[in-house]
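First chain written, first letter: the chains are A, B, C and D, and each begins at residue 1.
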Amino acid sequence: MLEYTPDRRPTGGLRLPAHKEASTAQPIARGFVPRTLVLALQQHQGPPTTPVVRRGERVLRGQVVARARALRSAAVHASTSGHVRAIEDRLVPSVHAVHRTRCIVIDADGEDEPLPPGAGSAWPEDPEKQLKSIRDGGIVGLGGGVFPTAEKLGPQTPCKVLIINGVECEPYISCDDMLMREAAAEIVDGALIMRELLAAPECIVAVERDKPQAIEALLEAGRASGDASLRLADIPTIYPTGGERQLVEMLTGEEVPSTHYPSEIGYICQNVGTAFAVHRLVRAGEPLLSRVVTVAGDGIARPQNVETPIGTPIGELIEFCGGYRGDVDRLILGGSMMGYALPNDEMPITKGSNCLIAAARTEVRQDFSERFCIRCGNCGTACPARLLPQELLRAARDNDHALLDEFGLTDCIECGCCDVICPSHIPLTEVFRNAKFAHARYQRQEVFSAETQQRFRRHEERERADVQRGKDLQDQIRHEVETDEPARQQAIEAAIERARQRRSQDTDSE
Amino acid sequence: MRFDVAPGPHTAPIASVPITMRRVLYALAPAALAHVWFFGSGFAINFVVATVTALAAEAAVLRLRRRPTRVPLNDCSAIVTAALLSFAIPPLAPWWIPAFGAFCAIVVAKHLYGGLGRNLFNPAMVGYVVLLISFPAELTQWIPPRMGDLDYQHLAFLAHLSYSLTGALPTDVTVDALTRATPLDLVKEGLRSAQTYSEIRAGSLFGGIAGRGWEWINSFIALGGLYLLYTGTIRWQIPIMLLVGLLFPATLLWLFDPDRFATPGFHLFSGATLLGAFFIATDPVSAAESDRGRLIYGAGIGFLTYCIRTWGGYPDGMAFSVLLMNSAVPLIDRYTRPRIYGRD
Amino acid sequence: MAELMLVIIGAALVNNFVLVQFLGLCPFIGASRRLEGALGMALATGLVLTTASGISYLVDRLLLIPFDVEYLRLLAFILVIGAAVQLTEQMTRKLSPLLHRVLGLYIPLIASNCAVLGVALLNSTANRSLIAALFYGAGAAIGFGLVLALLAGLRERAEFADVPKPFQGHAIAFITAGIMSLAFLGFTGFVRL
Amino acid sequence: MLIGTVVLAGLALGLCAVLVLTDRLLPAGRDRVAEQVESLLPRIQCAQCGYPGCRPYAEAIAAGEADINRCPPGGEDTVRRLAEFLGREVVALDTTLGSASMNRVARIDEHNCIGCNRCVPVCPVDAVVGVQQTIHAVIAAHCTGCEICLAHCPVDCIDLIPRDA
């Protein structure tokens, strides 16, 4: 396995303090079994799954509780054995915000009884069936995007490079780092399986330079795997080079067009956690039942990484890590840059939750007083998508949608760099998020207006056609009247003649 | 347990406007001390008068427009404007010169457009140009540096203060005795009257590279500038390109005809070159916004300064070229937008 | 050749028609609300300026002086300028209908632009060759166009500034133009004509 | 004196000749301004601007006869877009013309509809479905909220509800 450093400099981005020392001090805590499970039916980007269990039914660990129909989906499994208490709507954290969705609530019985060994299906040979079993194994992208892995590994544009993303550049999050240190061999094996499935000529594992133990472990595992074409790229510690688009530009120099996904131009990015899950599914036949979650922040007694069963309520996870310490100002799901604040801690951990920060008052932004923009351009320099946030801010506040298109609002990845570097403390990311909603509504209205114009044009054509048909009819009648006018005249006279003769016969007969 | 919900990135911002402005003031401090050391207390008096007028004018305008006065006042951008203005005007200027200059800068150039961040032109330069054009006499009353071997008369602090406030001079001293032309004036008049540059340089007011006293002040300014660059308060595009825009034609023409053109070193260390490069042109509000735009903006100021100094009527063209490029900024911004990621 | 360059720089920058000689102020303020309109106006006025200065110079040298009817100079020049404006009007209506609509009334108003008449008269009084007159007209056109584009850019940016009520609209435009003319005074003494 | 008038008359005639010549030579440019103006309007054909549809209103604006603030469904946004496109002053919206808005759709009250079929032909986008003697219905996805059918219903059973209700 060849280690190299890409010779490109990332565009924009910030060097942020990592805040990862506390959570990487001890190894991943394993063997945690929660008391209850709340399994959301939709824990991936795509259509929701349908439940296959009823209330009161007993389920075992690893048993499918919700089946996925389309390929663009992923099944949901019971992460521990127990009884299904109810199937109801609950508040569940998704990729961008908290939303209400149907969940299966299971009361764990504490035995954690697994399925009988023969139950798991063996790893099939034919690639089509392999994708189906990945989907039925509930494997999704664990980097935070929760895109169904089956659909991403499926046949579309031929894959040029498979990128295993272990960059993890956002502060506080360290689940990938610990996973790479402790399970490097499994990750490399999972990567090779995926590469075989995609028939990708190249495979690059990307790790940030500030994770030496992880790089060491991966190099060791890479040499052991004996695959020569595997490469490891160490990436400068600049946020947000971990984003798909930024990583593709960093590793290949090619820019993903703003209207496409990286997978559509041949670059498949998979998180190290996903590679590990694929390995577990193929080698041990075990579906995605748990994931490593970083629990960090000054408000936690024992910050650490925990292998958490999917569906564990956050409150129980925090209890496992020693509960809160001091006054916790904010509970953030995700990193301190792109994560969002949770209203309470009763919500469950989903497949996409990679980090939980119980932030004390000093760790998070307190004052939201905003000044005028002094056009210093720092945000433009820090923007990884090379946008001009100060112009976007002005267009958004003026809600001038043509200008928003021109300055590339839809290309904003909401990484938050411009917010952090702005000397006037303007909440730029929040402004852009709201502007995106308004912009989407504006675009829908434009499409609706164009359709209406078409419908009105068809309506007018049909009316003109009716009027035209009316005129044609009249012309036809007038034509007929003129051409056979003499014939009609004779017919009338003949009729009069007959009438006169009949009358004369009546008078003769009297 | 319930928590409060706040939007957006949770990391606290790492910069703020007051810190930026205060850093600029710290960077200017050594040069200000050198100015007082070489040219007497004139600078200090002007600075105090300008700052008081600037803050008073800002407070008055904000109260007149019923706007909160506490936040804008403590970002001390008005003090930075006053400081830059005091560097530009001669030490021996009556009190109403800095006062009127600061008034024009703050009220006309800044608050008529809506306050910090909205002004189109650099306030300090607008104030200075208004003074330069309306009161040319007072604006040329420069005094020679207080060097050991120079035997020019100098005013003590109290005499200076009384002249500034009342215009009255001690009995045996006249204004003409005190004032001397600046090195830039000497060079321009000398070259115009067919003297060769080396003859002019031989004059007593000239030190190692440029005007005596001024060399030191400008080196301290350069020091302050490097501090700003190091702390990231300003970025390298504008200062470097300004110096390139100025020194490139200077060296070219100097190599072409050393007698009729001043040396690049002289241009670098005289007049407001370094002050303009690190403090005036890098005013974020009136400068171009994208990095490419700043390259053009800086180079433009440097080149125009050189043209005005060599062929123009005024000794130091920095103020005029800053305003000229400020008026070109909207066009520069429109045509130097960075290419968005993923779009051709 | 250098002398011609000096004529252009002189007309465009040093004694700029709008900001130093204060000629042609009404279209300068009127047409500079939007940058596209301003660029269109700059082109139209530039076309009129160059053609009018050329033709008026010929009319002056070939018609007025031989028949020594120089007292009719003003009338003849107005005729020439009117024709040039009508020519520009036709071209904009045919080539870019949108620009014609955006500028609307301002194209015929070029005829009343004192910079255009100014160039024609200045050309005739100063004894210059035809080429110098054309360059002088071109310099005036460049100067007018440059300054109009600059002000349009500044005014578009001033729209976002929260200008106090009494200064909104044309007032802030005049103040901006005033500061620009301050800046252009830096060019005084540049060209010793 | 005579020479002066002759010179001026000659000059004037010469210039006119040139102008007539250029007028014929220049190619007639295609006038797409009306099309572009129409693409800025909401195009829901509500005719509340006083013109029978958006195209005639766009042509009137392009010709300079109509003012740019006569489009109720477009609101302030359309006025600003038209002002920016045509380089004119932004004028306050004329609110007396009507209150059509794309955020509302028509709904026929099934209890009162007598199947008179008068609303179907007047709907500019054929969003009302139904034949004589049957209860009619509005396709919400196609309805633009232009309020034209409201006036034609003899039993007044059509009312406007928010679009995403």
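Just so it is clear, contacts are C-beta pairs under 8 Å (C-beta built on N, C-alpha and C of every residue); 3 or more make two chains touch, one makes a residue touch a chain.
Keep in mind that what you see is a predicted model, and the values were worked out from it rather than measured.
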Pair sharing more residue contacts (C-beta pairs) when C-D is set against B-C: B-C
Maximum centroid distance from subunit C, chain identifier (CA atoms): A
Length of the line joining the C-alpha centres of subunit B and subunit D, rounded to whole Å: 56
Chain centre separation (subunit C, subunit D; CA means) in Å: 38
Intercentroid distance (Cα basis), subunit C paired with subunit B, Å: 34
Multi-chain contact residues (two or more partners), subunit D: none
Set of subunit B residues in contact with two or more other chains: 114-115, 118
Junction residues of subunit C, two or more chains touched: 160
Graph class of chain-chain contacts, one of line, ring, star, complete, other: ring
Touching chain combinations (by label order): A-B, A-D, B-C, C-D
Complex interface listing, subunit C residues touching subunit D: 33-34, 36-37, 59, 63-64, 67, 69, 71-72, 75-76, 79-80, 82-83, 86-87, 90-91, 93-98, 101-104
Subunit B - residues contacting subunit C, complex: 65, 108-109, 111-115, 118-121, 126, 129-130, 133, 304, 307-308, 311-314, 317, 319-321, 323-324, 326-331, 334
Of all residues in subunit B, those that touch subunit A in their complex: 1-17, 19-20, 71, 75, 114-118, 235, 284-285, 287-291, 294, 337-343
Interfacial residue positions of subunit D with respect to subunit A in the complex: 38, 41-45, 53-54, 77, 80-81, 102, 121, 123-127, 142, 144
Interface residues, subunit C side, partner subunit B - complex: 35, 149-151, 153-154, 156-158, 160-164, 167, 172, 175-176, 179-180, 182-191
